[in-house]
Amino acid sequence: MPPLLFYLFALITLGFGFLVVTGRNPVTCALALAASFVGLAALFLSLDAYFIGVIQILVYAGAVMVLFLFIIMLLDIKSEEGKKLNLPAIVSGVLLAVLLTLQIIAVVGSTELAQKTSQDTPLSLTEAATKIGKAAALPTISNDLKAGTLPDAKLIGFTLFDQYGFHLQVIGLLLLVGTIGVVVLSKRERSAP
Amino acid sequence: MSVLEIIIALPLLAALAIWLGAPARAASLGATSINLILVLYTAVQYWGKTGLAFTYSRPILENPSLSFAVGADGISIILALLTTLVMLAAIWQIHDRPAIFYVSSLLIGGGALGAFLTTDIFFIYAFHELALIPTFLMIALHGRAEPAYRKAVAWKATIYLGVGSLVLLAGLVWLVLEFSGGSKLTFDLEALRSQAKLNPLPDSKQAQIFFVLLLGFGSLVSLFPFHSWAAPAYATAPTPVAMLHSGVLKKFGLYGLIRIALPLLPHGVHVEWVQNALLLMLLGNILVMGLVTIHAKRLDDTLANSSVMHMGYIFLGIAAGTDIALKGAVILMFAHGISIALLFGLLGRMRNQLGTLEYNKLGGLANHAPAFTVLFAFGTFASIGLPGLTNFAGEVLIFLGNFTEFKAGGLTHLQWTVILALWGVVMSAVYMLRAYRSIFHGSPATGLFMIDPALSQRVPFIMLAATLLVTGCCPWLLLNLMKSAL
Amino acid sequence: MLTSIILLLPFFSALLILLGHRQLKGAAVLISVGSSIISFIACLVLLAAADDKDNTKLLLPFLDIGDFHANIDVLIDKQSRGMMFIVSFIGLLVHIFSLGYMKDDDARPRFFGSLSLFMFSMTGIVLAGNLIMMFIFWELVGLSSYLLIGHWYQKASAAEACKKAFLTNRIGDFGFMIGILLLFGLNKGDVSFDNLRDAFVQGGPLFDAQKSNPGIITAAALCIFMGAVGKSAQFPLHVWLPDAMEGPTPVSALIHAATMVAAGVYMLVRVSFLIEASPLAAEIIAGIGCFTAVLAALMATQQNDIKRVLAYSTLSQLGYMVMAVGAVAMHVQHGHELHGPNPGHPAMFHLYTHAFFKALLFLGSGAIIYACHHEQDIWKMGGLRKHMPVTFWTFLIGTLALMGLPWITSGFWSKEGILGAAYDSGCSILFHAGTLTAVLTSFYMMRLVIVAFFGKPRTESAHHASEVPLIMLLPLVLLAVFSIFSAWDGFATPLQALKPAHEPPHTTVLFASIAAFLIGTGGAIYLYRGKDKDPVSIKLFANKFYFDEIYAVIVRICQDRLAWIVTALERVLVDGLVARLPTAIVARLGAATRMLQGGHLQGYTFLLGGGVIAVIYLVVFVLPRLGH
Amino acid sequence: MSVFTIEAGLALLGLALLLLEALKPEISRRTLGLTAIAGTTLALVLFIFAPHDSASQPAFIQPWHQLDSLAIFYKGFALVITILVLWLTLECAPYLTRFTVDGKLAEMFSLPLIVCAGMMWMASARDLVTVFVALELVTVSFYVLVAFARKSAFSLEAGVKYLILGALSTGVLVYGIAWIYGATGTMSFDGIAKALANPATSKTTALFGAAVLLCGLGFKVAAAPFHMWVPDVYQGAPTPVTAFLSVGSKAAGFVVLTRALDAFLVEGSIIGSEIQALLLVVGSLTALLGSLPAMFQTSVKRLLAYSSISHAGYLLLALACRESARFDLSSGGIVAFYLATYLPMTVLGFLGLGLMRANGLGEDIKDFTGLAKRNPLLALLMTLSFASLAGLPLTAGFLGKLFVFLGLADHGYWGALSCAVIAAAAGFYYYFKTILAMYTTEGTDVPALTFSVPAKAVAGALALAILILGVYPKPLQSVLTGKSQAHKVDSK
Amino acid sequence: MITLGHYLVVSGMLFSLGLAGVIARRNIIIVYMCLEMMLSAANLALVGFSRFHLVNGLPDYTAQSLVFFTITVAAAEVAVGLAIIVALFRSKQSVDVESVTKLQG
C-alpha cells in the first residue's frame, strides 16, 4: 500500500477514534466509531487480511454499531455531558494515553521486527501451494495459490475448521450464553405495576 | 503409639467433648488428672536417663520431611510436669463459670503440651499457635476490665504474639533451609541437630539466625522491648488464662531457644553483637521492668510486670549458654511457672471477693484469711527467690553458670550483667514485700471482707505451693531428670 | 546422724507448726520446745565428739551438676561446735522464756513455728560447709527474722520494720552473692570453705589470682563482707536493727542480739583467710566495724526505749567484733600468726561472751516490759529494783558484763581481747576508737540501769510491776551465770569457745579497759542519779544521726521517683516505638490503601491503566537495566 | 470415557437444563438444582475413573488440549467447586429469588456447568487461542451471574463494574497476546517457551508482550494493581457466585498463569529474570494491598474479598519461586496445593455467610455477634475457616503459607518474604476481629440459628478437609508431586 | 516506506486513545465503545504481526483466527454488556459511571 493511503486510513481511524473519545453526543460517538472501524478495515486490507477487513465492517461497523445506536435510541440518552466534565479523569486519561503511546513507540523503535516492510517479507504464494500440507489437498486453495491470488477467506476457513473446530463450537456456546444473558438481564418484571 | 501422644491428645479431646456437650468440669478435671499421672509416670520412667525417650514418629510429608514425632527428654518432661500441674490447678480453681473457661484452659494447656513433647519443629511451632485463639477470646470476652479496654488489651497481646510468631516462623524457615544443605528439607529436630554437629554454620551466620529466632521467641516471652503486651494481658486475663499463659505458655519461647536455637546454633549466642544485644534486652527486662513493677499501685499490675521482669533471669541463663546456667534456666522456668500461676490463682480469688486490688484500699487480710495468706506468702517468697523454694535454685544456678568461665583479669560483659541483674533480686524483694505488706499486714481496712477458701478450693493452690517447697528443697529431683549436658 | 538431727528437727518442727498450727493448737508449742531441747542435747553430744580428719560431710544433696556440687554439707570444727552450743543453748532458753512471755498471745503457735524455723536456719549457717549453703541459710534466717519481727503485723510499725529488715538484708546479700560468684569463678566452681582455704594456702587458683590481680581478691572479700554488713547491721546498713525491736522481746534476745546478727561475724571468721589475703579489705572492714561501734554507742546514749538502748548497744558490740576481724587480719598481714592449731579469734570470743550477756539483757528487759504491761520507755519506769529483785540482779550482772567489769565478768576478757587486737593491728585509731566505745558503753548501760531500776517509780505501771514467773526467771539466772563465768577456762574449754590463747595482756590495753569502765560508770552515775528526766539532750544522737530520714530521701529519689520516670518512659518510648508507632503506620497505610477503593469506576479504570503502564515501565524499562 | 467427553458432556448438560427450563417453566428449582448437582457429581466420579493420559483423548483435540498433572488437578478442582457452588445456590435460593425479576434461578444452575466446562478447558489449554476462548466463555458467563440478582442494587452495580473492568482487561489481554505472538511468532506455550529460550528473539518485544499479557491475566487473579474490582464485585455478587469467582475463577486464572509463566520462565529464557522480579513485586504488593485495607472492613463478605486478594498475593509469590531441588513441589505444585487448601476454607466462609443470609441476617461483622451462642457448631466451623484463612498452624491455611515462605526463603527473596509476613500479620487482625464477634455475647439476645442436615454435612466435610490438609497433607502432596514431575516432562 | 512499526504505532495509539476514553468518559455506553476500540487496536496489532510473520510464505492464519474469535467474542460481550447497561438504566435512570458508587471502601 502506498504510504499516502496508509496515512490517510490511519488518520481516519485515529481521527474518528478521537471523536469517539471527545464527542459530546453519544450518537456522534457511535457514528464516529463506525467510521473509525471502516478506516481500520482498510488498514486490515492493506495487510492482506481481506477476510478480517470485511468481517470488521460487517460485524463491527455494521452489527455492533447498530446495536449501540439502537440502545442509545432506546434509552433516549441525551448528550448529558457538557456542563460537568470530570476534569481529573480527563487529565489522567490523557496522561495515561500519552504515556502508553510513548512506551509503545519506544518499544516499537527498539525492535528490529518493526523495521520489516511488505517488500522485505513478500508473500510467496506459488511456493506456498506446495508447502501448506493438508490445506494443499483442497484444490480451491492450491489452485488459487498457484494462480497467484491469495485465497484469504478459504485459508482462514480452513484454519478455523481444521485447527480450531472446537473453538468455534465454544464460541457458539459463548454466543448462546450471551443470548441467554441478554434474556435474563433484560427481562421485564412480570409483576411490575 | 507413645504415651506422649496420649498426653497431648487428652486435653484436646476433652475440649472437643465439652464443646459437643460433655460435662465441663468433670471432663476437664478427669483429663488433666490423668495427664498429671501420665506425666509423673514418664518422669519416673525417665529418672536418671539421658537423651530422648518415648519417641514415636508418624511421617506426614517426605520432602520437605515432616512428621508428627513425639519424644521427651528431661527438659520436656519438666515442662510437661509444669503444664499439667498448672493446668490442673487452673481448671480446679474455676468456679461457677461457663464451659468456655474449661475449653480454653484445655486448649492452652494442650497446645503447650504439644509444643513441649513433639520433636518436629513444625509441630512445636504449630501447637504453640493453637493457644492463640483461646487466649485472645478469653481476654477479650471474659477479661476483668471494661469491654473496650479488655478488647484493646487482647488485641495488643494477639498482635504481638502473632507478629512474634511470624518472625519466629521466618527464623525457623531460615534455620531449616540452612541446615538442610543441598539435601531435602527436614523439620525434624534430631536430624537438624545431627546436621548441625556435622556441618556447623559459620559463626556470623549463626549469629544472624539466632538473632531472628531471639526476636521471634523473645516477643513470645515478653523480652524487652517487646514486652508491653504481657503486663496488661495478664492483669486483665481471666484467672485460668493468666495462670496458664504466664505460667506455662510463656515458657514456650524459652523452651524454643534452649531446645532449638542453642543446640543448632551453639555459637550464635556467643557472637559479640548478639550477646551484647541480648544482654541489653534482658537488662531492660530486669532493671526497667523492675522499676516499673515498683511503681505499680495494684496487685495485678505488680504480678503482671514482675512476671515480665523475671523472664530476664531466664534469658540470662540462655545468654550464658553453659550447662549449669541452662539447667538453672530450666529450673527457673519451672519455678516461675508454678509460682506465678499460684499468685495469679490467688489474685483471681481476691479480685472476686474484694472487688479491688489497689494497695491503698487493702490491708490486714492476714487477720481474716490466714490460710490464704500462707499460700500467698509461698508465691511471694518464691518470686523473691528465697532458698527452699524452687526459684532460688534456678536463679543461683543461672548466676553461677555465668561465672564458670572466669578470668582473674576481669569480668566479661556477661558477668557485669549478672551483677546488675542481682540488683534486680533486691528490687523484686522491694515490690513483692511492699505488696505483701499492703495487702496482708496492718490493720484490716474497713469494708473489706475476705475469708479463707474452703478446703476443696484450696487444693489447687496447696498443690502448687507444695510443689514449690518440694522441688525447692530438693532441686536435684529436677536436675536428675536432666542428666545429659546441655 | 547427729548433725541431721540438729539441722532437720527444727525444720520439720517449723514446717509442721507453720502449715498446720490451726489443727495443732497447743501441741505446736510443745513440738517447738521439744525440738529445741533435743537439739540442745544433740549439740552437747556434738561438743564431746572428737575431731574428724575430713571434717566436711555431705548431709543432703541439693544441686549437683557434673563436677559442680552445691550440697548441704556440714563443716564440723571447733568454730561451728562452739557456735552450735551458743545457738542451741540460748535458743532453748528463749523458747522457755517465751512460754511465759507469749502466754497470752493468740498467735503463739505461729510464733513458735517461726522460732523453730529460725533455729533451723541458724543451725544451717553455723554448720554450712560451703558458701552456697551458707547463703541459703543466710536468706532463711532473714525470712525467720522477717516473720518474727512482723509477728504483730497488725501494728503498722511492726509491718514496716520487718519489711525494712528483710530489704536491708537483701542489699547486703546482693554483695554477698557477688562475692560468692567471684570466688566461685576464681576457684573453678568450688566454694567449700575447706577447699577455698586450701586454694589459698596450697597455691591453688585463688593463690594465683592473688598474685596476678589482687584487686579481684579485694573485691571478693569486700563483697562477701557486704553480706556481713547487712546481717550484722554494720554502717551503712545498720538502720534495720533498731527497728527490729518491734518484734517480741525474746526474739530480740535470740535473733537480734545473740545469734543471727552475729552470723556476719561468724561468716567473716570462716573466710578470714580471704580477708587476710587483702590488706585493703582488712582495713576497710576494720574501719567500718570501728565506725559502727562508735556511731552506735553515741546513738545509744540518748535513747529512751529500753530495747532500743540495747539494740544500739548490740550494734556497737557487733561493730567491735567486725573491727576485730579486720584488726586480726591486719595483724596477720604484718607477718604474725595466731597461736595454736585452731587458734582462738577475739571476734569469735567476744561473740561467744556477748551472746550470753546480751541475751540476758534482752530477756531481762523483756521481763521488765512484761511486768510493766508493755511499757518500754525507761523514763516511765524507775524503782524496779525493789519490785523485781531477781530481774534486777541478773540484769545488773548482764550490764556489768557488757561494761566489762574488770577481771570478774566474761565481757571484760573478751573486750580486752578485741582492744588487744586493735592495739596489735598497727593502726592506733582502731584502738582509740575502741576505747572510746568502751567508755560510752559503760556510760549508757549505767544510765539505763540507774534510770530504770533506781529512784522512784515514775508511772502507775512501774509502780505495780511485780516479779515475773519462774519460767521466765530461770533463763535469766542461767544466763547470768554464763555472763560471769563463760570466759573462765572451766567453761570455755569444754564449750569449745574460740578463746584466744593467753598472752600476757598489754598493760596499755589493760589500763585502757579499766579506765574506760570507770569513766563511763562514773559519768553516768554523776549525771543520772536521782533524775526524773534526761538532763542531757543531744538531738543528733537521739535522732540517730538522721540516718532514717536521709535514707528515706534516698529511697524516694532513687527508687520511687526513678521508678516513676522509668515507667513513664517505658510507656511512652518503648511502647510507643515498638507497638504504637508501627501499628499507627500500618493503620494509616491501611486507610490510605482503602482510599484506592473509592467505588468510582473511573478511578478503577485509571488504576488499571496506570497499573499496566507501571508494569510495562518496570519490566521493559527498569528491570533490564538493573541487570536482573 | 475420555476426559474431554466429560467436559463436553458437562457443557451439554448445562444447555439441556436451559432448554428444559425454557420448555417446562413450571419445573421446580430444586429439581433443576439437584439435577445439576447430580450431573456434576457424576462428572466428577467419571472423571476420577477416566483414564488420565493424553493418549486416551480424541486425536482432534490433541493440538490444543493437554492432560498433564496440573490439568487433572484443576479439572477435579473445578468440578468440586462447581458442585459446592450449585449446592450453595440451592441453600441460598430462598433469599436469592427475592432479587431476581421472575423469582427463578434456572440459569444459576445451568451457567455454572458451562463455566465449569470452560474452566476445565482452560486447565488443559496448550495455546493462547484456547486460553482466550475458554477464558471468555467463563468471563461472559460470569458477567451474567454477577448481575443475576439485578433487583439488588449491589448485584447490578457489581455487574456493571465487573463488565467494564473485565472488558478492559480482555482488551489488555488480547493486546498482550498480540505482542507475545509478534515477538515469538507462535501462540502455543511450547512454542513460546522455545522462542524465549532462543537468544535471537527480540527481548524488548517479548518483555512488552509478556508484561501486557500478565497484566491481563493479573486482572483475572486479582493481582495488584489490577485487584480493585474484587472487593466491589465480590461484595455485590450473590454469595454463591462470589464463592465461585473467588475460588473457581481465581483458580482458573492461576492455572493459565502457571502455564504462561512456565513458558516465560523456561530454562534460559531471555525474559526470565525480569518476569520473576515482576512477580515478586506484584505478589508482595498484592499481599499487602489485600491485607491492609481489610483491617477496616465491617462487611464480612468484603473482608473475604480482600482476603482473597491477599491470598492471590501469596500465590503469585509462590509462582515466583521456581523449582528447588530440596523441595518436592514445583512452584506450580505449591500454587496447586495452596489452592486446594484455599478451596475448603473460603467456601466454608462463604457457606457460613450464605447460611446466615438464609436466616435473614446481614453480612456485617456485627451480624456475627453472638454466633457462638446461637449456633455453636456453625461458630466452631467458621472459626476453623477463619483460623485457616489467617494461617494458624494445624489448619490447611498454614501449610500453604509455610510452603510459600519456604520457597521464598529458599530463593533468598527476603524483601518479598517480609512483605508476606507483614500481610499475614495484618491478617491476624481482621480474621480475629470476626472470630471475636462470633464469641461476643454482650447485648445480643437473638434466637438460635438453624440449618439443614445437608448443610451441616457439607460444612463438616469442608472443616474436616481443612484439618486433614492441615495435619496430613501427604496424599495431596504426593498427587501433586507425581503430577508436577509429569508436567515438567510434558512441557519440555 | 510503511513498516510493521507504523502499524504497531497506529495500533498503540488507537489502544491508548481507547484507554483515555475509558478513563475520561462518564457515559457507560461511550466507555463501552472505547473498550471496543481497544479490542480493535489489539486486532490491528495481531493482523499486523500475522502479515509479517509468514508461514510457508503466507500470513499466519492462526493469528487471524484469533482475530476472528476476538471479534465474535466482542460482539457477544457487547450484547451482554448492553443488556446490563439497559438493566442499570432501568433501575437508576442513568448510564453515568457515577451512578454506581455504592460499593466502596
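Some observations on this one:
For clarity, chains are labelled A, B, C, D and E in written order, and residue numbers in each chain start from 1.
Rule of thumb we're sticking to: contacts are C-beta pairs under 8 Å (C-beta built on N, C-alpha and C of every residue); 3 or more make two chains touch, one makes a residue touch a chain.
Only a predicted model underlies this, so the values are computations on that prediction, with no experimental measurement involved.
Chains making contact with subunit C as well as with subunit E: A, D.
Using CA-based centroids throughout, the chain positioned farthest away from subunit E is C. At the centre of the protein atoms shown, by the Cα-centroid criterion, sits B.
Computed centre separation for the pair subunit C/subunit D is 76 angstrom, with centres defined by C-alpha atoms. Centroids of subunit B and subunit C (each the mean of its C-alpha atoms) stand 35 Å apart. Computed from the mean C-alpha positions, the centre of subunit B lies at a distance of 42 Å from the centre of subunit D.
If each chain is reduced to the centroid of its CA atoms, subunit A and subunit C end up 102 Å from each other. Among all residues of subunit E, those that touch two or more other chains are 8, 15, 18-19, 22-24, 26, 28, 31-32, 43, 48, 50, 62, 65, 69, 73, 76-77, 80, 84-85, 87, 97, 100, 102-105. Counting only residues that touch two or more partner chains, subunit C has 594, 597, 599, 601-602, 605-606, 609-610, 612, 616, 620. Looking at subunit B, one finds that residues 159 touch two or more other chains.
Of all possible chain pairs, the ones that touch are A-C, A-D, A-E, B-C, B-D, C-D, C-E, D-E. Within the complex, the subunit C residues that touch subunit B are 18-19, 22, 61-66, 68, 70, 132, 135-137, 139-140, 143, 150, 153-154, 156, 158-160, 163, 166-167, 170-171, 173-174, 177-178, 181-182, 184-186, 188-189, 205, 208-209, 212-213, 216, 559-560, 562-564, 566-567, 570, 574-575, 577-579, 583.
Listing the residues of subunit C that touch subunit D in their complex gives 586-587, 589-591, 593-594, 596-597, 599, 601, 603-605, 607-612, 614-616, 618-620, 623-624, 626, 628.
The part of subunit D that touches subunit B in the complex is made up of residues 325-328, 376, 380, 383, 387, 392-394, 398, 402, 405-406, 409-410, 417-418, 421, 424-425, 428-429, 432, 435-436, 439-442, 471-474, 477-478. The touching residues of subunit E, when paired with subunit C in their complex, are 19, 22-24, 26, 28, 31, 97-98, 100-105. Residues 8, 11, 15, 18, 22, 28, 31-32, 35, 38-39, 41-43, 45-46, 48-50, 53, 60, 62-63, 65-66, 69-70, 73, 76-77, 80-81, 84-85, 87-88, 91, 97, 100, 102-105 of subunit E are the ones touching subunit D in the complex.
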